[in-house]
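Presented below are the structures under discussion, each in the form of structure tokens.
Heads up, the next two complexes both have chain A, just with different partners, chain B and then chain C.
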Partner chain A sequence: MDITIKNLTHLYHPNTPFERIALRDINLQIKSGSFVSVIGHTGSGKSTLVQHINGLLKPSRGEITVGDVTIKAREKAPRLKDLRKRVGLVFQYPEHQLFEETVEKDLCFGPMNFGLPLEEAKAKAHQALKLVGLPQDFLQRSPFDLSGGQMRRVAIAGVLAVEPEVIILDEPTAGLDPMGRRDILSLFERLHEEKAVTTIMVTHSMDDAAYYSDKVLVMDRGQVVMMDKPEHVFSDSKQLKQLGLDIPVTMNFLAKLNKKVHGQSVRPVFSIEETADAAIKMLRQGRGETGHV
Partner chain B sequence: MFNIIIGQYVPGQSVIHRLDPRAKLLAVFLFVIIIFLANNWVTYALAIIFTLLGVFLSKVPVRFIYRGLKPIIIIIIFTFILNVLFTKEGELLVSYGWFHIYEGGLIQAVFISMRLLVIIVATTLLTLTTSPIDITDGLEILLGPLKKIKLPVHEFALMMSIALRFIPTLLEETEKVMKAQSARGSDFTSGSLKSRVKAIIPLLVPLFVGAFKRAEELAMAMEARGYRGDVGRTRLRQLIWSLSDTFLMLVTLFLTAALFILRG
Partner chain C sequence: MGKIIEVNDLCFRYYEHDPWTIDSVSLFVNEGEWLSIIGHNGSGKSTLAKCLNGLLLPEEGSVKIGGLDTRDELAIWDIRRQVGMVFQNPDNQFVGTTVKDDVAFGMENHGIPRNDMIVRLDEALKLVQMEEYAAEEPHRLSGGQKQRVAIAGIIALSPSIIILDEATSMLDPQGRQEIIETMRYLNKENNITVLSITHDLEEAIYSDRMIVMNQGKVLREGLPSEIFKEAKMLEDIGLDLPFTVKMRQALSKLGVPLSENALLQEELVEELWTLQSKI
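== the complex of A and B ==
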């Protein structure tokens, strides 16, 4: 589903002494099937922005269109339930939303809310659990007996069980160990590639943003600063640093190496393999020019 | 979403904000008692002027106070109607079948609604202009003498300040869990009463789990920072009684005297 945002402004606590502008005149477009990362300083409005996409927040001014549903400021929102079925949202620390006695019941919660009968909901629950890589005997366990990483996966499965066409991730890996991080991220990468799920990920990791996404959206103080391919966004390290952000480790490494061997600058790369290749190339070039290494 | 402002603090630098919490507590406490002395137009007018003066000096936007009062206005209207209908004193004004309105009833209803309104505005003003920490500090000192008879005043004050401190956190958490469950298709705002009550469970369970976890972490953090109760504990922020506090006390006492003299 295509997502179009026009002149969107969002105010927190309007008409009170606590009024604050969270988003200021946002315009952007996200194509169906793309993987977009949203980066920005804490408090730059990333979470507020993504919560508009499934109608959890309403624009104070402007409008947002997701698929065939348009939500406008000062108008009653149409068919939100339908929208939420198609747009799944994984919050930060999603394990805080678990509440049922068994994992199976918790996974059925979403599908049944959207009108599936129990048997079909159960089938979806089993699929979702498999998708996040947990064994089926977890179904009858209490979600509160699981480890942190397992709870996170169950919670994510609870969102996936609805089979959304768009999935929004708000820092899905916060507080996980490196293994857990990689598992979760590759799960969403797989979903994106195999099922063409439109994926929007809020993240603090420049590495993840650079590696996984087609486009990176940079936010600062409620405004969109850049929205472009990762290689373009991350080639401007000066501006990123001004915004309290950084460039991916891979590029940082190549830049430092480049300085040492006086090689030519290379195009931005984000995976470890490409970085290794680029490093070799750089070293060879450096040797060719200066005659020693 | 959460419009109720009782217990919410609006930071500011007004005269009322800077008063000593002890003075404010005493004044409001006294005021809530003496308002029951008022029984005619003059005395009510005095009480209302006193309250409005407080609102004016606090510089809290009136619109903001009004919005917070909205949920309570229903209760006031309800008391008003009850009083109009069930007080049978004075001249009969309207009579229609079993439905009678007496002059006395009308006056009584106005007075009682005024009383309620004034009490609520005054106490709301206290919490709007005094940070929760100041309130509990003030309370702890005011109730200090009760420690002599082994009442756990400090523990009580601590419990209160923790409770107050965590109201916004809990509300935030509520909003977050509500959003998370709404994203999973839960509906809190429409449907039958039964389905709405059922929708509360997915909200309450995570909230309770979170609250217990947080309580445990807080206890641990307090111990780690050397908290060991009341004995020998000093304060970072001392309360200072100034001239304006004495002035507030004098005004309140003066109001008390005036109400005694002017009541019918």
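== the complex of A and C ==
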């Protein structure tokens, strides 16, 4: 489902003394099947923006189109239930929203809410649990007896059970240990690759934004500053720092190495292996030879 | 350098029939030290932290802060004044309606006289560089600023120890940097002991000493350079390696004859530079 946002402005507490502009005249397009990361410092409007995509928030001005649904300012919103079935939103700390007695009941809640009979909902629940890498014997356990990382995965499975075409992740790995982070991120990478799920991830991690996304959307004070491929967005470290952001650790390291050995600048890379290759290339160039790696 | 925190054979669990959440943990922290505690989710780090200021009390063993036992009811207020804690979520620990009120809250609780409070308030806000925001309301602050106000609230009580319980994990890169710099300053200049519970291995590199926890026990204790040499152990218990260590491994695989010493990016850059002619 393509997502198109036109002249979208969002006001908090409109027409009161507390009125505040949260988003200002946003225009952007997200292609179906892409992986977009949203970065920006705290309060830049990232969460407000993504909550428009499943109709949780309505534009104060302008409009947003998700697939064939358009939500316009000052008009009654159409068919939001259908939109919310197709756009799954994983909030920050989604495990706080677990509420049922068993994992199975919790996972069935979404599909049944969207009209599936119990047996089909159960089948979806089982599949979703498998997707997040948890064993089937978790189904009869209480979600509250699980570890933090496991609860997070159950909560995510609850969104996946509805089989959304678009998944919005608001800092999906906050508070998880390194392995938990890796597990969750590779899950979404897999869903994105295998099922072409459009993935929109709000994150504070420049490394994750650079490594996983097709495009990076940079926000500042309620506006979109940049939306481009990671290699472009992360090539301007000065601007990012002004926005309270940074470049990924891989590029930070290469920049330091470059300064020391006087090599030539290299194209941005975000994986450890590519960075190692680039470092070697840089060292060889620095001593005046051109070497192959 | 004296031991400011002494934990001996500490056992703790939340319910009587549960297995131990903290299982015979013994450790010490030196005065003025920066100690990082790492471990996966559920390894007992946060529970341990709550035992250190008497929020939780030992079922077995003992916790002593500056020689005072946390089970001593007469000492508990003194212990809590000495041990400040900064938690993960900046929004959950802002209690005042303005920055000033928030910093004053702790002092009021501890019955500090008004004149004294005014002086300490100014000093504390200056130390965390938030003096210009004294009259601001919390919603006008960034996450990093809110966490700095939380730190000021603690500083105003002149503590000897600050515990950071994943205090930077919800912040953007700049906010994270602000907190770390503020804490380093307080650690160096005011000799405040810092105990940082963290998943951020890049932050842990800079600590004086580290403790690795797993299943409620202390698995390793040592210098960051020693701990991060044990790549397999760290991966086995669900942790990761700092960027520099991963980079070192990848470069070694490509035949660069690196030592195992570099932990900081600068150190690795330096070492690569000296090896330049051999690559």
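The rule is simple: the second predicted complex is superposed on the first by the 287 of 293 C-alpha atoms of A that agree within 3 Å, B and C clash if a C-alpha of one lies under 4 Å from a C-alpha of the other, contacts with A are read in each partner's own complex, and residues count from 1 in each chain.
Convention: a contact is a pair of C-beta atoms (placed from the backbone, for glycine too) under 8 Å apart; a residue touches a chain by one contact, two chains touch by 3 or more.
This one's a predicted model, so the numbers in the text were calculated from it and none came from an experiment.
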Open item on the list: One more residue to check, A:133. First (chain B), second (chain C), both or neither?
Closed with: neither
- [ ] With the two complexes superposed on chain A, say which partner A:114 touches: chain B (first), chain C (second), both, or neither.
- [x] first
Open item on the list: For A:14, using the defined touch cut-off, is the partner it touches chain B, chain C, both, or neither? Pick first, second, both or neither.
Closed with: neither
Open item on the list: After the superposition on A, what does A:78 contact: first (chain B), second (chain C), both or neither?
Closed with: neither
Task: Dominant toucher of chain A (residue count), chain B or chain C - done: C
Open item on the list: According to the stated criteria, A:277 is in contact with first (chain B), second (chain C), both, or neither; which is it?
Closed with: second
TODO: Kindly classify A:159 by the partners it touches after superposition: chain B alone (first), chain C alone (second), both, or neither?
DONE: first
Task: Residue ranges of chain A touching chain C (in the complex, touch as defined) - done: 40-43, 147-149, 171, 174-180, 182, 204, 206, 244-246, 249-250, 252-253, 256-257, 260-261, 272-273, 275-277, 279-280, 283-284, 286-287, 293
Open item on the list: If we count contacts the way the header does, which residues on chain C are in touch with chain A in the complex?
Closed with: 39-42, 88, 142-144, 166, 169-175, 199, 201-202, 235, 238-240, 243-244, 246-247, 250-251, 253-254, 256, 265-266, 268-270, 272-273, 275-277, 279
Task: chain B residues touching chain A - in the complex, by the definition given at the top - done: 10, 60-61, 63-64, 67, 173, 176-177, 179-187, 201-202, 204-206, 209-210
TODO: Name, in rising order, each residue of chain A that touches chain B in their complex.
DONE: 15-17, 51, 54, 56, 81, 84-85, 88-89, 91, 94, 96-99, 109-110, 113-114, 144, 158-159, 162
